[in-house]
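Presented sequentially are two complexes of chain A, the first with chain B as partner and the second with chain C.
On to the complex of A and B.
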C-alpha cells in the first residue's frame, strides 16, 4: 500500500538504528504514549534495533484500556435493558467489567453489536425506531470527532432514539499527570501522531518547556517510530527539550480546525477517572448541555456505581510505565487474551496483549 | 484504537452539504469515508482515515521529501560503510 510499505523498509530501519547507536552516549528512558505505537514496537520487535542505553516504556495510550470499570459496568447495565441496542468498536465488547463483559450480555440475550463507525450506529437507530440505540463512545482526540459528528447528525436527521455513552479521554493531561508524578522516570516522549492530526501540537509546547522533556510527534510505522526515537535521543544528548514533528506528512501545527470546532461545540471538558490510574483533572469529554438529549449518561439514570479493580491486576503501574506487563504475576497465567483480568490484555493495543501475542510468536 | 491508514479518494459525493462522503481505496478495498472536514480534499488525494472519518489530507510533497531525506541518510551511511572497508 502506498505510504505504508515505504515506512516498513527493513533497510531503512537498520540505517536509522545505526544512526541512533552513533548518537547515544548514556541511558535514556522514553515513553511512547500511544497504544498503536506500542503495538508496532512489539509487532516489529523494534527494541531489537535499539542500543541497550534506550529503554522504552509503554504509556496509557489505549482508550479501551483506560476506560474506568464504573463506565464499563454502566454500559453493561444499559445493555442489559430489554429495549436497548448497545453498540461499540469490537475491543470494547470484550473488556471485563466487575462481573462480565458486553459479549456475555449478548450471550444472555442482550442486543450488543459491533460497528466500524458511529455513523453505522445511527443507521442502526433509524432501522430500529422502537429501540434505544446507544453507542459506547471511547477514544482519544482521534476518535472524538467521529463520535461528535454522530450526535450532530442524529440531531440534524431527527433521530431521537440514539445516544452515546461518552468515555472520551484526552492525551495532554495524561502526559502532564505522568510527568508531574514524583516518581516519573520518563525523559522523553513520543507523542501520538493521529491525536495530533486533529489537535495539532501547540498544546505540547508548554509541556515540553515546563517539564524539560523533548516531545516528538511520531507516526506508527517502524521507520516513523525509529525516526521519532532518533529525534528524541538527539535532543536529550544535546540537552534540548522542544516539540518536534516527525509525522509532518499528516500532522500540521494547528491540526484539523473544522474538526476542533466541532469538538468544542459538542463536548465539554471534564475530570475523568482512568482505569488503573485514577482521576486526572480535565482529561475527558462529556456531551455539552445542549446535546443532553443524546447523552446516555443522563437518559439512563443508574445511580452511583462503585466498582473495585481486581487485586491481581497491576495495570495502573503498567500504564504509567512503572512496570512491564511481564512483571505482573498474573501475566500469561490467570490473565491471557482469552481470559483477561485487566483491560490492557483485551485490546490489541494494550501493552499486556501486545507482549502476550508477539512474545509467544517469537518464543 | 487510534490506528488510521492512508487511502486514496476515488470519488466524492457532494449531494449532502452537511455530510460530504467519499469512496476511498485502501490498497484496493473500497470504503465509504466522511470527508466533511477536509473541504479541499478531492479525487486522487490521499487521506488518513479512522472510524469512518477522514482525519487529514496526506501531504504527498512532504512524504516525498522526507523519504528522500532518508535516502540521503542511506547514502551518507553507505559511503561511510565503504570508507570503513577501505
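On to the complex of A and C.
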C-alpha cells in the first residue's frame, strides 16, 4: 500500500530506534496526545524499540473516552424517545452511561444505528421524514468539520428532522490543563497529526514557549511515531522547547483554512466537561446560535442530568498521564472490554482497551 | 443472483404464511422448488427423516445463517449455509456426506429470490459432493424475521487413522492457511446498506473437503483443523492455544492478505486478523510434514495461496503472539463482541 508501507519499514524503524538510543542520556517522560497514536504504539509494540530511559504516557486524545457521562446519559435518554433514530460511530454505541449503553437502548427497542459518516445520518433523516434523526457528534478538531458540514447541508437541503448532539472537544486546552496541573510529569508532547491537519500548529507555539515543553506534530505509523519521539528527545537533550512538524507530508503551519472557516461559522467555543478529568475552560464546540434548530441539546428538553462516575475507575488519571492502565486495580478484573467501567476500556483508541488487547509481552 | 432457470412457482410472486403451513402450498414448494433442485434418493423418500448407513466414527455439526444482505459479492446465504456446515464437519477430520436444511422464511419474501437461494444451495451441495437428505420450512409473519434464515446440520464419517482435535496441538507444530484472509467479512461490509464502498473483493465462501482430503493423501499426521470464521484467524488460534495449553506465534508478513482488503481495513479501522473467513482453514501439523502438506494445498484450486503462517511453542501457553511487520512482537487477543454483526 503506497504511502503506508513506507512508514512501516522494518529497516527504517530499526535505524530511528538506534538513533534514539544514541541521543538519549537521561530519563524523559513523553505523552502522545492522540488515541490513534496510542493504538499504533501498542499494535506495533513500539516500546520494544525505545531505550528504558523513555516512558510514554498515553494522553486524553480518544474522543469517545473523554465524552462526559452526562452527555452519554443525555444521548441514551434521547435514543429512548419514540420517533427518534440515534446514530453515531460504532465505538460510541458501547460506551457505558450511568445505567446502560446505546446498544442496550437498541435491544430495548430504541432505533440506534451505526454510521460511518454524518452525511449518512442526513440520508437517514431524508429516508425517515417522520422520525427525528440525531447524530451523536463526537471527536476532536479532526471530525468537527465533517459534522459541521452535515449541519450546513441539512440546512441547505431543508432537512428539518436532523440534529446533532455535539460533544466536540479541543486539543490545545487539554494540553494546557495537563501542563498547568501541579503533578504533571510530562516533559514533551507528540501532538496529534490529524488535528493539526485541520487546525495547523500555530496555537501550539505559545504553549511550547509558556510551559517550556517540546511539542512535535506527529503522524500515526511506526516510522512517524519513532521520528516524533526522536525529535522530542533531541530537543529535551539540547534544552530546547519548540514546535516541530514531523508530519509535514500532511500538516501545514496554517492548516486547512476552509475547514477552519466552516468550524468558526457553525460552532462556538464553550467550556466542556471531560470524562474523568472535569471541566476544562474553552475546550469544546457547541452549535452556534444560528444553527439552534439543529442542536439536539436544545430540541430535546431533558432537564438537568447529573451522573456520578464509578469510584473504581481511574480513567481521569490515566487520561492525564498520571497512571498507566495497568496501575488500576480494576484493570482486567472488574473492568474489561466485555464489561467496561470507563470509556478508555471501550474504544479501540482508549488507552485501557489498547493495553488490554495489545499489552506488551514481558518475558 | 442466478436467474437462468425460470422460477418454478408462478402463481405466487411472494412466499405466504400458507407456504409454511404444511398443506398444498407447502407441498408445491417442496415438489416444484426444493426437489427440483436438491433431489436425491434419500430426500425423495419424503420420510420424516433420512435413514442411512455410514462407516466408522461419525462427526455431526450444526450452524445457522442469518447473513445480511442475503446476496453479496462472491456468494449468498444459500451456498454459505452449505459450505459453512461442510467445513465444520471437515474440521472434525470427517468426510462430510449428508446435510439437513431448515428454512425460516419471512412472509412476503420474493419467490424469485427464494429460487435463487435454493439453486445456489443445489450448486454448492453438488460441488461439495454432499446431499441434503432432510429438511423443514417455516414461514413467519412479516416483520418477525428478515427475508430468510437457514439452519444446516451435517454428518460425516471419520476414517480410522484420523484423530483431529484442538487439544492435539503440540509445540513444534506449524500452522498453515489455504489463502488470503478477511475476504468474506470485507465483502459483506462493502455491500451492507449504509456502509457501501466500491471494491472488487468477493467472499471466499467455499467447501474445503476436497482440499483437506488432498492433505490427508500426503500425511496422516494432521493434529488440528479449524475454519477461522467469525472472530477471524486471531480468535481461532487463541481458542486453540488455550485449549491445548500451548503458545502460538504467527508472523504478520507471512499471512496472505490481498492489497485491496488491506486497504479497506486501513480505511475502516478494522484488523484483518479479526475478520471472518468462510473458505479458509487452519491446518496444524508437525513441522516435518509441513512442506508436503503445503504443496498438496497449493496444488488444489482452493489453496493456491496457501502459506505457513506460524508455529506452536511451549512457552507462553494459552497466548497468541505475532511478530509484527516492523519486527516487534505483540500479543493478539480475542476479539470482544463483533466487529460487524450478521456476517454469516
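Going forward, the second predicted complex is superposed on the first by the 359 of 363 C-alpha atoms of A that agree within 3 Å, B and C clash if a C-alpha of one lies under 4 Å from a C-alpha of the other, contacts with A are read in each partner's own complex, and residues count from 1 in each chain.
Here is the rule we go by: a contact is a pair of C-beta atoms (placed from the backbone, for glycine too) under 8 Å apart; a residue touches a chain by one contact, two chains touch by 3 or more.
Small disclaimer: the values here were computed from a predicted structure and weren't measured.
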Partner chain in contact with A:299 - chain B first, chain C second, else both or neither: neither
First, second, both or neither for A:4, with chain B first and chain C second: both
Touching partner for A:46 - first (chain B), second (chain C), both, neither: second
Which of chain B and chain C A:113 touches, first, second, both or neither: second
Winner by number of chain A residues touched, once chain B and chain C are compared: B
Touching partner for A:23 - first (chain B), second (chain C), both, neither: neither
Chain B versus chain C as contact partner of A:222, first or second or both or neither: second
Partner chain(s) touched by A:140 [first = chain B, second = chain C, both, neither]: first
Footprint overlap on chain A, where chain B in one structure and chain C in the other make contact: 1, 4, 116, 120
Residues of chain A touching chain B in the complex: 1-4, 6, 11-12, 15-16, 18-19, 34-36, 61-64, 89, 91, 116-120, 138-140, 142-143, 145-147, 149, 153, 156, 192, 194-195, 197-198, 220, 223, 248-252, 255-256, 258-259, 262, 347, 349
Chain A residues within the chain C interface of the complex: 1, 4, 8-10, 13-14, 42-46, 48-49, 94, 113-116, 120, 123-124, 222, 336-338, 348, 356-361
Chain A partner contacts - residues on chain C that touch it in the complex: 194-195, 259, 262-263, 266, 268-269, 316, 321, 324-331, 333, 336-337
Partner chain A, residues of chain B touching it in the complex: 1-6, 8, 18-19, 26-27, 34, 36-39, 46, 48, 50-53, 55-60, 62-63, 66-67, 70, 73-74, 77
